[in-house]
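Several structures are given next for inspection.
You will see chain A twice below: alongside chain B first, and alongside chain C after that.
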Partner chain A sequence: MSDLLKILLTSHVLFGLIGVSLLFVLTTSLLKINPPVIAARRYALGAALSFFASWISGGMYYVMHYGKSVKPIILAGEYPWAHFIFMEAKEHVFLFLPFLSLALFIAISYAKEVPPSDTLRRSLVMVSVATFVIALIVTLSGIVISGGAR
Partner chain B sequence: MYLTLIIVHMIGTILGTGGATMIEILLAKALKDGVVDPLESDFLRATYRVVRVGLLLSVFSGFGFLLLYEFSGQTARLYNPVLWAKLTIILIILANALLLQARKINLFWGSAFSFVSWWTAVLLGILLTNGSYALSYPSIMFYYLIAVFLGAGILEACRDALQKYFEQHERSS
Partner chain C sequence: MNQKKLLQAFSYTLSATVTVVFFTLITIVADVFLPLKDWLKLTFTHHWIGKGVLGFVLFFVSAMFISLLPLRLIDQSLEKALRILFWTSLLGTLAIFSFFTFEFLSRLA
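The block that comes next holds the complex of A and B.
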């Protein structure tokens, strides 16, 4: 694997982890009795930007290396489901993450102007938890896919 | 790079496990009069922050190890049941933190899950370092759940004992 590919894969993982971490901090912030709205807005924007960066680096890695070199190895190996199930799901489900994070950022920006009602706060928490859970599933899928290539 | 990852992972584990242990001691001390005063609350908040920093360092360095396995062609290690048990326990630590923040889990179970999970993650980390593949995922999780149940009872007993100790200590001083 060339240095460029290593950098792309590392960036994909690193930005993804930063996004997941920011979603965790965002969820815990929203669960507080008095949520720090301005900080929560920054966490949501940070998560969205991280997921976009992870998407770009992961996409480049897929086009330049995974599709040509890794995918055939997985399909010919003992764990073809690592691609058929996990990669196929991951590459589509992942797309929710940057846009859900962006939606959270916009919604929290609105909450900054108007004191958030309980209903809005509960909805924000639910979206934040759902995005965090999807992000965790996508992260674990990445490990399953990498492990399937032998 | 490997040495850097080891050092960061160790620092994260020390902060996380040490912090989770300190939280138990601070809680026992804070709850001796049944009320958590602002100073005690401040100490607890600072310790929770230390645990989260530890968790962050452990997770990032842990994924660094996984990338090194990928780059060095050791992808078989990514299907190690001990690794997956450790990942599951980290997910439990995260879920427990969210449930505690949302006040959806009581202190009895919340502190048991936090304390036992951190120490189990340390134990599994040692097993991973030694390359032990003898344990299956279900057996590790079974022993972990037993440890959580036992841990909940033991922690409650320790809290009672510490409270008695603090009360006696205060009376004598």
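The block that comes next holds the complex of A and C.
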């Protein structure tokens, strides 16, 4: 694997993990009765930007290297389902994450203008939890795929 | 001011829902209806790049379109849109994982 591919894969994983971590912090801060809205807004924007960066770096690695070199190894190994189920699902479900995070950022920006009601805060928590859970599923799928290629 | 911000938040929440539904449908349909996958490959060099580019454009275009509608919104409108986004994103994830699991099991049969 070339240095460029190593950098792309590492960036994909790192930005993805930063995004998941920021979603966790965002969710816990929204759970507070008086959520720190300005900080929450920054966490959501940070998560969105991280997922966009992870999308670009992971996408380049996927298109340039995965199909040609990694996929055949997984398919010839003992765990072809790692590709057929987890990679196929992960690469598509991942696409939700930047847009969910961006929508959260914009919705929290509104909540910054008006004191958010308890029901609005609860709705924001629901989307934040869903985004975090999806990001966690995507991360765990990545671990399964890596295992399948060994 | 608040009505403008509320309309913006509502538009982007709803456009995120539209985008999630789009990604879910195009993922499943392109795998079942191969001419669509071929068209995506031919137009965007890779089917996954095509889905991403189309979803990206759809997100911003649909948000712009919704924000131009003469809507009279209240806080509850945004709450409802967020709850719809919550359910759509979870169901979309479940649909995609179930689809590829079913497809893999069909290969074994």
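Note that in this section the second predicted complex is superposed on the first by the 149 of 150 C-alpha atoms of A that agree within 3 Å, B and C clash if a C-alpha of one lies under 4 Å from a C-alpha of the other, contacts with A are read in each partner's own complex, and residues count from 1 in each chain.
Keep in mind that, in the parts below, a contact is a pair of C-beta atoms (placed from the backbone, for glycine too) under 8 Å apart; a residue touches a chain by one contact, two chains touch by 3 or more.
These numbers come from a predicted model, not from an experiment.
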item	value
Fit or clash between chain C and chain B when superposed on chain A	fit
Partner chain in contact with A:T119 - chain B first, chain C second, else both or neither	second
Vertex chain A, arms to chain B and chain C (CA centres, degrees, nearest 10)	140
Of chain B and chain C, the chain that contacts the larger number of chain A residues	C
First, second, both or neither for A:E91, with chain B first and chain C second	second
Chain B versus chain C as contact partner of A:A130, first or second or both or neither	second
Which superposed partner A:S109 touches (first chain B, second chain C, both, neither)	second
Partner chain in contact with A:V63 - chain B first, chain C second, else both or neither	second
Chain B versus chain C as contact partner of A:K6, first or second or both or neither	first
Chain B versus chain C as contact partner of A:L100, first or second or both or neither	second
Shortest CA-CA distance between chain B and chain C [superposed frame, angstrom]	18
Interface residues, chain B side, partner chain A - complex	56, 59-60, 63, 66-67, 69-71, 75-79, 87, 91, 94, 97-98, 101-102
Interface residues, chain C side, partner chain A - complex	1-2, 5-6, 8-9, 12-13, 15-16, 19-20, 23, 27, 45-46, 48-49, 51-52, 55, 59, 75-76, 78-79, 82-83, 85-86, 89-90, 92-93, 96-97, 99-101, 103-104, 107
Chain A to chain C touching residues, read off their complex	55, 59, 62-63, 81, 84-85, 88-89, 91-93, 95-96, 99-100, 102-103, 106-107, 109-110, 113-114, 117, 119-120, 123-124, 126-127, 130-131, 133-134, 137
Residue ranges of chain A touching chain B (in the complex, touch as defined)	1, 6, 9-10, 13-14, 17, 21, 24, 27-28, 31-32, 79, 125, 129, 136, 140, 143-144, 146-150
